[in-house]
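Each structure below is given as structure tokens.
What follows is a pair of complexes built around subunit A, which joins subunit B in one and subunit C in the other.
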Partner chain A sequence: MSISLKRAGAIFVKDYKEFSRNYAVSIMLIFPIIFAFLLRGTGPSLVGAFGLVLNISFVILTSFAQACLIAEEKERNTLRSLMMTPATTMDVLIGKSSLVFVMSAVVLAIATYIYGYEPVGIWAFVAAIMFSIILYTAAGTICGLFSKTLLEASLSIIPVSIVFTGAPYAGMLLADDFPIFKVLEYAPNIQLVRLLNISNTASTTGDLLKPLLIILAWAVVLTIVSVVLYQRRLKDE
Partner chain B sequence: MNVIQVEHIRKRFGNKDALSDVSFSIPKGEIFGFLGPSGAGKTTLIKILTAQINPTSGQASVFDQPAEMMHQSAQKMRFGILTDNSGLYERLTIEENLELYRQLYDLPRSSIDKVLQFVNLSGERKKKVSLLSKGMRQRVMLACAVIHEPELLFLDEPTSALDPVNSAHIYKGLRYLNQNGTTIFLTTHDMAEAELICNRVAILYQGQIQTIGSPKELKKQHRENVVCVELINGETCELPIDEGTADQIAAWMKRGLIDRLETKEPSLGDIFIKMTGSELL
Partner chain C sequence: MQFQPMYYDGELIVPKIELNMRSSQSIGIITDLKRKQFLMNQLVNHSQYYLFRAGQSEYMRLTVEELITFLIKVTERNEHVDLLMDYFSLKEERKVKIKDLSSSKRMYVTLLRVFFAHQPTLVLEEPYFYLEEQDRRQFKRILDDLLKEKQVLILTSNLEDALISCDAIYRLNEFGFHQLDIRDSEEDKHEVLKQDEANITLQKISTKRNDKMILFNPPEIDFIESIDGSILVHAGGENYDCALTLTELEQRLLNFGFFRCHRSYIVNLQKVREIITWTKNSYSLRLNTGKDAVVPLSRSKLHELKALLNI
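After this line comes the complex of A and B, so read on.
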């Protein structure tokens, strides 16, 4: 499938203009920063709290914004008009996802600075954040595709927050009594927290690589699912 | 050369045929009207021709390529589409909407000025779409569909719910495009609209083409073979077109008794009702 960066760029600029004038969605940009302010008193020793800030930010900013961008286009029939232009599925998805990616990266960088977290393995940390943004953007795309309106999109991220934020934490607490919950150890948010913890102690490349690869695997799988669903949901049969 | 060729197309949704054994062709440079009531299958055919759905059976080709290839970027550069559910970005201005399409089609900046002139909206370019009337929105959507001066234009009910002034703007634009070589495939349930701008029309009813031809040919085919005469004393009569009537009319004319003389020609709406036995909805 061909990709035109020029077309993806045009969609990025269009989405930026729309997003910046949509205050109901763009207000989400400030929440990760507020969380970082509120929790920075916990200090760098409480890495788990910072992991929670990151994971909640991925849901309420990354997934939510992407779901809203897709759902609004569906609601107003602009997505179908877009698909009738030379823009390919990948042009549209890359254009839309790039805006969410850039916004999330910038806001999370600011939140990390405010919180005062200093990763030992900076590249591992940056890579984990990037893979996570891709993962949650794909989750947002899927939510948007199954929503008919902006309101539905807002509600559709609740399952994402349950699956990727709440359930793994709860599961880990129950894992001693119910070993089956140990599988939730492989959830991306648990792996992110694990990676944040590792970077605070003496660590080997292997220690860093395992959580990174698990998050990457999640990102790849969800991205493929979102692209396939995008093509199917926009084909009337 | 045929721009569109459709052969025995059938499209089934569940247990209902939306299109059944539909065949026709459209040569380059024609304005072809696909007429029928709502639910007749008009939009389904546009979706097949633009690769949005696949037919259940039969073959359709556009620009001598199978219609399924129309999803390719190179083919999309060659056609434009305006459907009744096309959308615009409400928070952006007219110009910003067109700027997106300009970049997607990789056109020069001047194309925006040109298309705004074409839809007579040059003075409104900085207006937000959310503030536009329905007629103006429709013209902006037409501008988005034709900014790249396509070889083929699909229009699905382009003037539905528009007032006569806005409809006239759209017709004027379509004639201009057609004169410049754009082939136009138009669906409508407005028979008067089809009569006004189409070179040829096909009447679709319950998924099947009932008749096809130019409005003039169809009217001729379905013309009642009578002549209506109104005399100066107010008396009117319908006479069969034959030698006897010709002599009678000649005699009345010599005596200056005829006020009005006309053949009884059906409208496309009359032909539709005659062929399908139902009114247009």
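After this line comes the complex of A and C, so read on.
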């Protein structure tokens, strides 16, 4: 399948203009910054506070924006029309995902700055954030595919937030009583929290690498699933 | 273009249809909603057919110019956006967001997607339905230019819409698939019936409806059309079957100010309000009746009509 950067770029620009003028959705951009601002004072006393900021932001910004972008195109039948142009499914996905990626990266960078978090290894931190954005973009794509309208897309974010944010945290609390919940240790958001909590003194490359690889594995699996689903769903229409 | 027969509830809905489409030809099929869906669902080959469905909507928050720019880029064409905006005559709406356009203009802009199609055949569902007259004319002009290289199939439920821009028109209904006769009358041999000079002039036109015989005074009649060989007399927004042929009716009604404006139409000139010019070669007559009725006017008959009305 051919991929054209020109077509993907056209979709990027078009979606940027649409998104920035849709205030109901683009207001989500400021929530991570507000969270960072509110939780700034807690400092080191609340372990994992910054991890919480990031994990919530991924769902309400990255996944939500991607799901809305896809669902809105479906709602207006413009996606079907796009399929009849030379633009391929990959062009459309890359155009949309790169917009969401750039927005998430910029907003999270600002949030990190405001919170005042200083990572141990800056590259490990950046890589973890990038993998996570890709992972949540893929989750958003799947949400968008299963919703027909913008309204459904915003509701479909709730299961994502339960699966990727709520459940692992709750599971970790119960893990001492029910060892079965130890599996949730491998959820991407817990791994991200682990990575953020590695302290300066006792860190080795191995410590940093393990959570990174787990997040990367999640991102790869979900991306493949979303691309396959995307192509299958569009064939049905 | 070929359509496979379709069955629905054990009944034949769409017979097997074979359309020999020559290039630069536009064909109209007049049919109902369900059959339109059935036909379009068969045209899934995206490299061959560009489907424009009636439910198509547009990116509402872009301006018209941004939309055209996007369509140029995404279809990888080399046109310049300013030239195209001129060609579409959208100069004034350049900076207007699509959601702020009037509904007719919005539909017109949405229809422009077919201009960017690379497929050799364009299939349009109800293209003229939501358009006002000026936008119809614009879109017909664009479609005529597209026809130089492509084939166009228009699916509509409205005969007047199909008449605007189709070379051949078919009707698809429970009786099957039949071509309508819309050729200009100059081509066919007038089988002029030398009517016997009757001593008494028949004043009434007899029609049938629900097995009742209804007699009309000629001035009551708005227009008469021939569909699939049967004659329909339109009066007061209703239509009635008539057993006479158009040629017979034409001769009877000549003295009452009726005019054969088209091979399949006779119109009461007393009720004509407006002559609509779609392009140089296609015209319609708008009638001054309660219901908004439009009757096609052949090019060859235009001069005759002008002479008759002294214009």
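The definition used in the following text is that the second predicted complex is superposed on the first by the 229 of 237 C-alpha atoms of A that agree within 3 Å, B and C clash if a C-alpha of one lies under 4 Å from a C-alpha of the other, contacts with A are read in each partner's own complex, and residues count from 1 in each chain.
Convention: contacts are C-beta pairs under 8 Å (C-beta built on N, C-alpha and C of every residue); 3 or more make two chains touch, one makes a residue touch a chain.
Model, not experiment: these values are computed from the prediction.
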**OP:** Record, for the superposition on subunit A, whether partners subunit B and subunit C clash or fit.
**Re:** clash
**OP:** Have a look at where A:Asn22 lands relative to subunit B and subunit C in the superposition and call it first, second, both or neither.
**Re:** both
Original post:
Of the partners subunit B and subunit C, which touch A:Ser2 in the superposed model: first, second, both, neither?
Top reply: first
Original post:
Given the touch rule stated above, what does A:Thr149 touch, subunit B (first), subunit C (second), both, or neither?
Top reply: neither
**OP:** Answer with first, second, both or neither: which of subunit B and subunit C does A:Ala87 touch in the superposed model?
**Re:** both
Original post:
Looking at the overlay, does A:Thr205 come into contact with subunit B only (first), subunit C only (second), both, or neither?
Top reply: neither
Original post:
Across the two complexes, what residues of subunit A are contacted by subunit B and by subunit C?
Top reply: 4, 6-7, 9-11, 13-14, 17-18, 21-22, 76-78, 80-82, 84-87
**OP:** Please name which positions on subunit B make contact with subunit A in the complex.
**Re:** 47, 50, 52-54, 73-74, 76-77, 81, 83, 85-92, 96, 99-101, 103-106, 141, 144
Original post:
How about subunit C: which of its residues touch subunit A in the complex?
Top reply: 46, 50-51, 53, 55-62, 66, 70, 73-76, 97, 113, 116-119
**OP:** Could you pull out which subunit A residues touch subunit B in their complex?
**Re:** 2, 4, 6-7, 9-11, 13-14, 17-18, 21-22, 73, 76-82, 84-88, 235-237
Subject >> Complex contacts: residues of subunit A adjacent to subunit C >> reply: 4, 6-7, 9-11, 13-14, 17-18, 21-22, 75-78, 80-87
